[in-house]
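Paired with subunit B in one complex and with subunit C in the other, subunit A is shared by the two complexes that follow.
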Partner chain A sequence: MSSNPSSDPLAAPRATGGRAPDVFKVGGWVPMRQFDEDEPVDFVVVGTGAGGGPLIAGLAEGGFSVVGMDAGPWFRPLEEFASDETEQNKLYWTDERVVDGANPMVMGGKNSGKAVGGSTVHFAMVSLRFRPEWFKSRTTLGYGADWPLDWREMWDYYGRAERALSISGPISYPWGPKRPRYPYRSHELNGAAELLGRGAEAMGYRWTPTPLATVSAPHGHSHPCVYRGFCRFGCSTNAKQSQLVTFIPRALKAGAEIRDLAMVGRIEVGADGRATGVHYMRDGKWRFQRARNVVVSGYAIETPRLLLASATDRHPDGLANSSGLVGKNLMTQSNQAVFGTMDNEVRWNKGPPSLSITEHWNYDDAKDFHGGYCWMAQGPMPIEWVTIQTGSRGLWGQRLRDEMEKYNHSVGLKMVGEMLPDERNRVTLHDDTDQYGLRVARVTYGWSDNDKALIQHALGQMQTSLEAVGARDVFRQENDTNHLGGTARMGFDRQTSVVDADCRSWDIPNLWVCDGSVFPTVGGVNPHLTITAIAMRTADRIRAMAADGTLNHPRRAA
Partner chain B sequence: MPDTDRTAVATSGIALLGLASIGAAHVATWAGRRWRPPVVQARLPAPLGRAAAIRAARRLNRAAGVLAASVLAATAGAHYRGSFQHRAMFTPLVTASLSLAVSAHGTADRRPSAHRGRDGVYVLAALTGVVGTGFHLYNVASRQGGLSWQNLFYAAPLGAPAALSLSGALGFLAERVRDTAAGEQPMVAGLPLGRVVAGVTSAGLMGTVAEAGLLHFRGAFNSPAMYVPIALPPVAAALLGNAALGASGRRRRWVRLSLRLTTIMGFVGAAFHVRGVARQMGGWRNWRQNVLNGPPIPAPPSFTGLAMAGLAALGLLEDHPDD
Partner chain C sequence: MTDSPAGRYPGYDVMDKRDTQSWDQVTRDVIDRRLAVPREPRFFTAAEWETLGALCARIMPQPDDRPPIPLPAYVDAKITERHQDGYRYATLPPQGEAWRRGLAALDAEAEEVHATRYHALDPDRQDALIARMQAGELTLPAWDGMPCKTFFEHRVLGDITHAYYAHPVSWNELGFGGPASPRGYVRMQLDRRDPWEAAEAHPGEEDRALRENRHVV
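Let's turn to the complex of A and B:
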């Protein structure tokens, strides 16, 4: 490391002095507009991930003055994402948290990110649409809660999100209503992905190459995927269409400011009951940015944490919490897996890990539990594979060594399953404090009987699929979960939800939540594309409301 | 512009161009002389002069050679990338090399009769292409999903071996042209040679367009230039096809122009592919990987080879009317 402070992204903020790192050029910079802290900006957006990124870009492109804040650093993908699993732990939110409940969550790489671009910097790029019925799962399928969004409108925004992120997907998608062609073609399948296909066909299920947010051909300054396999980490070729290389550069171009290493600790609310700005720590000092609107996009743990931590005398239970639902209905997704060994070499680490998918059980309702799930091909890197062997199988010593030698013959299927909302699963504040002196989040989680039934069903199905292709020594990884949702759900009224369909809080008209927290249900697919679509819609809605004069004074039934 | 729009614009553009070119050709035909569906009524073409026959044959040898060179280089790269997993993957390298060698020999040769060695090589090259197509078809079909878009994109390219067959076919026809050097009428299998070469070339161009179209679609037409090889050669192929069926013995400026442009496009395309390699991670610094994984640099000149054959055919049609 040189003595230049900008050479260590964690040491000091990089986006200062009217410039920000150019993620497409080694050592490059791009100009960035900067705003005065004392002049209220139109919007402060807390978080720059799948929710914050598109919103910041959309608002800036709509002519608003926008400051995006992220607690994490501004990485340079071409220089700072080494092919090393341990080195890349820097991308995760590993600040202290307290986890408890019947099934305490493992917090970290599977469900968080701490970087400009959020967890999209290291996500596995799986970009799926919800099944349309899930937007009305209470009404049409009899579980969970309805969304205040219409699936047809979402279908349109999914298309826009897919174009904005240059999703590489199959020519025709086997499930759900017709969708436009993906902007890029699906990637070449690796051995593990083909085995998923063989297994699915043996079971009579359809399967397809997975739509992924990594380009299969050059796009702008993004190189095409080189199938390096470090996909649940930072992508060093910029093939991964993370927020860091898509909406964030767009936002800068449109005049937004992004502040890296800026940890927001509190939202200030004025005497008139409106948010006035945010207190944030940057460069070792607490600062205050004035704003006409505050958007919280910190995902399902940090968003409720910030809302709860901003409690005042007038809002003793936290901001936007008159319903008492902030922090409640936390959901994760079941991420169990089945693994086995093939006689032939598979080399599952080549290419993106989730190259093929079957959504069969998302669209087939002939099952005795609620919710759906999909499964995808797998390709864990060696350290992750060791962790699975020691954690799920308890292997150690020579047996572990022998097992690891089969790495190139290993094959696996991993589910993404819908867990149902439950108010007992929640985020609250714990009395412990973190490095900023802020109370840490306490995350309480337990699986319901329905969740367990879904997981067992999926494990059985995946095992059948693996055995159908001749896998030996099949074993199950029973304990894994990943993506989050809930904790600030959107809904139809202030009693049963935190925000409305436009992600505006019912209680404070200039306070918004825009991330996975607003999900009333999580569905059986990875949430990233849905978050992006909602954020793009929210930006459009805010622009429309500003145009018709309802941005500051929402028209709402009392 | 969104890709779907681009595709729509390009597709309609191609259709319009194709229609316009065929239309223009017909207008020109009507303006020139009365239209007759000619092949059926074709008389024997005018005898070739010795010098003219040798010239036409050498032009075809050269075209076959350019095509063989393109096939040789592209196949070498692609089969090396495939680690020569099957021993048969060496075969096209041998036959394309031979085809290239005898084409060079033919191009230099000013003697007035077919060469048995060249004939043998050309037939062998043509057969290799046919067998190769079978292998590639097997490769596609045996993958998970069978004859799917996914496998058409990423398995062995179905259209590629046909280029070797075309090289062989053009070379074989070159020998037939050369055989007429003694003042006979240029005929093959009972048909006027010029028309046969034009027809084969036109079909070959369309096959190559299909191949380029498929692979450029796989590349999501990430550069607008990627539409050119599916826009221009079909015009040339349509005009040449029209000439193959139309009246002979007259100047066809538009056919010649479109073929010349296609000739140039083949080389320009290679330059674009050089740039495409640069757009891969690491660019030319990482050439050992990117030359194999990026767009194949030797592929576009196969358009050049075919267009050169088309020009030779056009010369035969113009100079030796058969109607």
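Let's turn to the complex of A and C:
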């Protein structure tokens, strides 16, 4: 972009004056309905990512008045997404957070977006279903916590989410109950993905092209993926089916308003114990939007941060927190990897980074620890690659240069593994404040013995697979984590959970949480499709409750 | 360069693709701005700048047959322009303060052992201090409670190596295709190369690689 400040998406809100950016047309705009701040809207949704996006669209399509707020800017991908790792840091939540604990978590680009569309703007597009048993892992597998959702209903919503996002995937998926074929054909494999397949076959495991949210054939205004490989740094061609180019345009069409650069700092609760709206900063001023319902969709750090920061005399520990569980049971997923060098030219940066997968150890329970994991092919860009070399091997100087120059011959396998809920892993408020004057999140994390056992098992398996295809100089990346979950878990009662199956808080009937924080467990697959499916279900449930009169007055045991 | 004076990808220059379908305007503007980074410190003092320069030269040594990538300038720019990581270890202060304290402590450590500042040490002694920092063995009061190992891993290694591999010259050394929008790639399989990717100089084929790399557009 030019340096003209009016064209800087971070300098001033774009969605104003009855219009919003048209992400499909250079310099284009689409009309957008706008709502009065003093007139309560039916719903204000805080966050527009994997949870907020589908919920805003679903509620607007159901006839509700909806305002979505996002702290991040409204990017124009075709004009503003450079093919460059460093520049695209602008997609991430890089505001200060303090990390501590035995295994401090890496945040930023690993798991936190700050943009209209949230983390789906930079996510790796991996779109997997949970194993059905994970929705009842306590009962069926003996660990973690049960979800108040039925897997058969989720199976249906997964199908709807896959159609809404035009997921590209195989005709038949090797694991789990039957599912329909994916809406779009799977992508061509790159060299790194082919090597995963060879390694899996050598071990007797099934593997498959990964179901991905990037189109393999034209869809609407999206052209097929051109395999540029910068997926985790924003898709500049709109092949990636992020919320920014799917549910957000749908939401606008259905009459929702989305406010960009709108940082919500506090939820207001009235004397009657119901939420009345949100205080938010936009254009340098604190403002207030009145609402009949407030939904928090800020993901597992910002969601509890906002609930905790909204404490009042009546809710001294934060909103929706009579269970004491807001901010607790934070989970990430283990994201360790094994890398090596091939004689072949692999050139792993071409195409989406995770083109093939094996979920073998998500479905095989013959192991001496709880939880599952998958692994996928890898294609890190140079800065990611040097981070792995320095972080895992401590290399610097000439040795680092020499190792880096093997880039085009490198190959790797990376896991997404289930970490178990633990109340000691949590989000609290730190005394430091950010640019809005709000207390920053303190994120405390440590791995359990079970987490460590799972990681070691996976590292051994991935190493065997790489060595089976002839990789040399194999090394392990022992210290990496990614996706988040768990800090406002859903459950069966107000003592052991923050929200119910419909994502409604137990304590405040018109306060909802809809994002990855509601996960009681995270499973061994990337969470995006499950968050999307839950959000689509929540929109349907709210519409049904409005129809039967239980939206404002939930039927619940005392 | 370790393989040969011409490197693994002789004659390859990712900047040759600047005006092709692999680069769009936003990427050209971003790289132009990066190459125009101010070469003088805006955050660091003159003394800190000397120490940082010496440290960068040991963490990422550069060949002398080309102008060096100005690594200290990028470290300074990251702090000056407030590009944060999105998380901060509880034991580290904010990035500017961490750098300031760490560089002063390195000088103090050099003074303690060799009675001279860090940048004046010979390279072997500079490396030895880096190795002790990496091992967590530096504990003079100048660190003021900041663990030298955490500083090394999350500021020194991170900020310096990320700056290096953000620069197009480093992409030439990797044979990395660099910017790729809107053209992307077509030949995805093992051992296949699009004509707009770097050709590797396999033994005995250096001349062919050089010839092909002059036509990588």
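Assorted remarks:
One rule holds for everything that comes next: the second predicted complex is superposed on the first by the 552 of 558 C-alpha atoms of A that agree within 3 Å, B and C clash if a C-alpha of one lies under 4 Å from a C-alpha of the other, contacts with A are read in each partner's own complex, and residues count from 1 in each chain.
Quick note on the criterion: a contact is a pair of C-beta atoms (placed from the backbone, for glycine too) under 8 Å apart; a residue touches a chain by one contact, two chains touch by 3 or more.
Computed from a predicted structure; not experimentally measured.
More residues of subunit A lie in touch with C than with the remaining chain of the pair subunit B and subunit C. By the touch criterion defined above, A:W396 reaches subunit C but does not reach subunit B.
Applying the stated contact rule after C-alpha superposition, one finds that A:P209 touches subunit B and leaves subunit C untouched. Of the two partner chains, subunit B and subunit C are each touched by A:L189.
In the superposition on chain A, A:F81 contacts subunit C only, with no contact to subunit B. When the two complexes are overlaid on their common chain A, residue A:M404 makes contact with subunit C while staying clear of subunit B.
After overlaying the two complexes on the shared chain, residue contacts for A:G277 are found with neither subunit B nor subunit C.
By the touch criterion defined above, A:R163 lies against subunit B but remains apart from subunit C after alignment on the C-alpha atoms of chain A.
Touch criterion met: A:G351 reaches subunit C, while subunit B stays clear of it.
In the superposition on chain A, contact of A:G516 is made with neither subunit B nor subunit C.
Put simply, subunit A uses residues 188-189, 194, 226, 237 to touch subunit B in one complex and subunit C in the other.
Those residues of subunit A lying in contact with subunit C across their complex are 1-2, 79-87, 89, 92-100, 104-109, 112, 188-191, 194-195, 225-230, 236-237, 344-347, 349-351, 381-383, 385-387, 390-391, 394, 396-398, 400-402, 404-405, 407-408, 442-443. Of all residues in subunit A, those touching subunit B in their complex are 163, 170-171, 180-181, 183-186, 188-189, 194, 197-198, 201, 209, 216-219, 223-224, 226, 237, 239. Partner subunit A is touched in their complex by these residues of subunit B: 2-4, 143-145, 149-150, 153-154, 217-220, 222-223, 276, 279-281, 289, 293. Residues 2-3, 7-8, 22-27, 29-31, 34, 58-61, 83-91, 94, 127, 130, 134, 153, 157-158, 161-162, 164-166, 170-171, 173-193, 197-198, 200 of subunit C are the ones touching subunit A in the complex.
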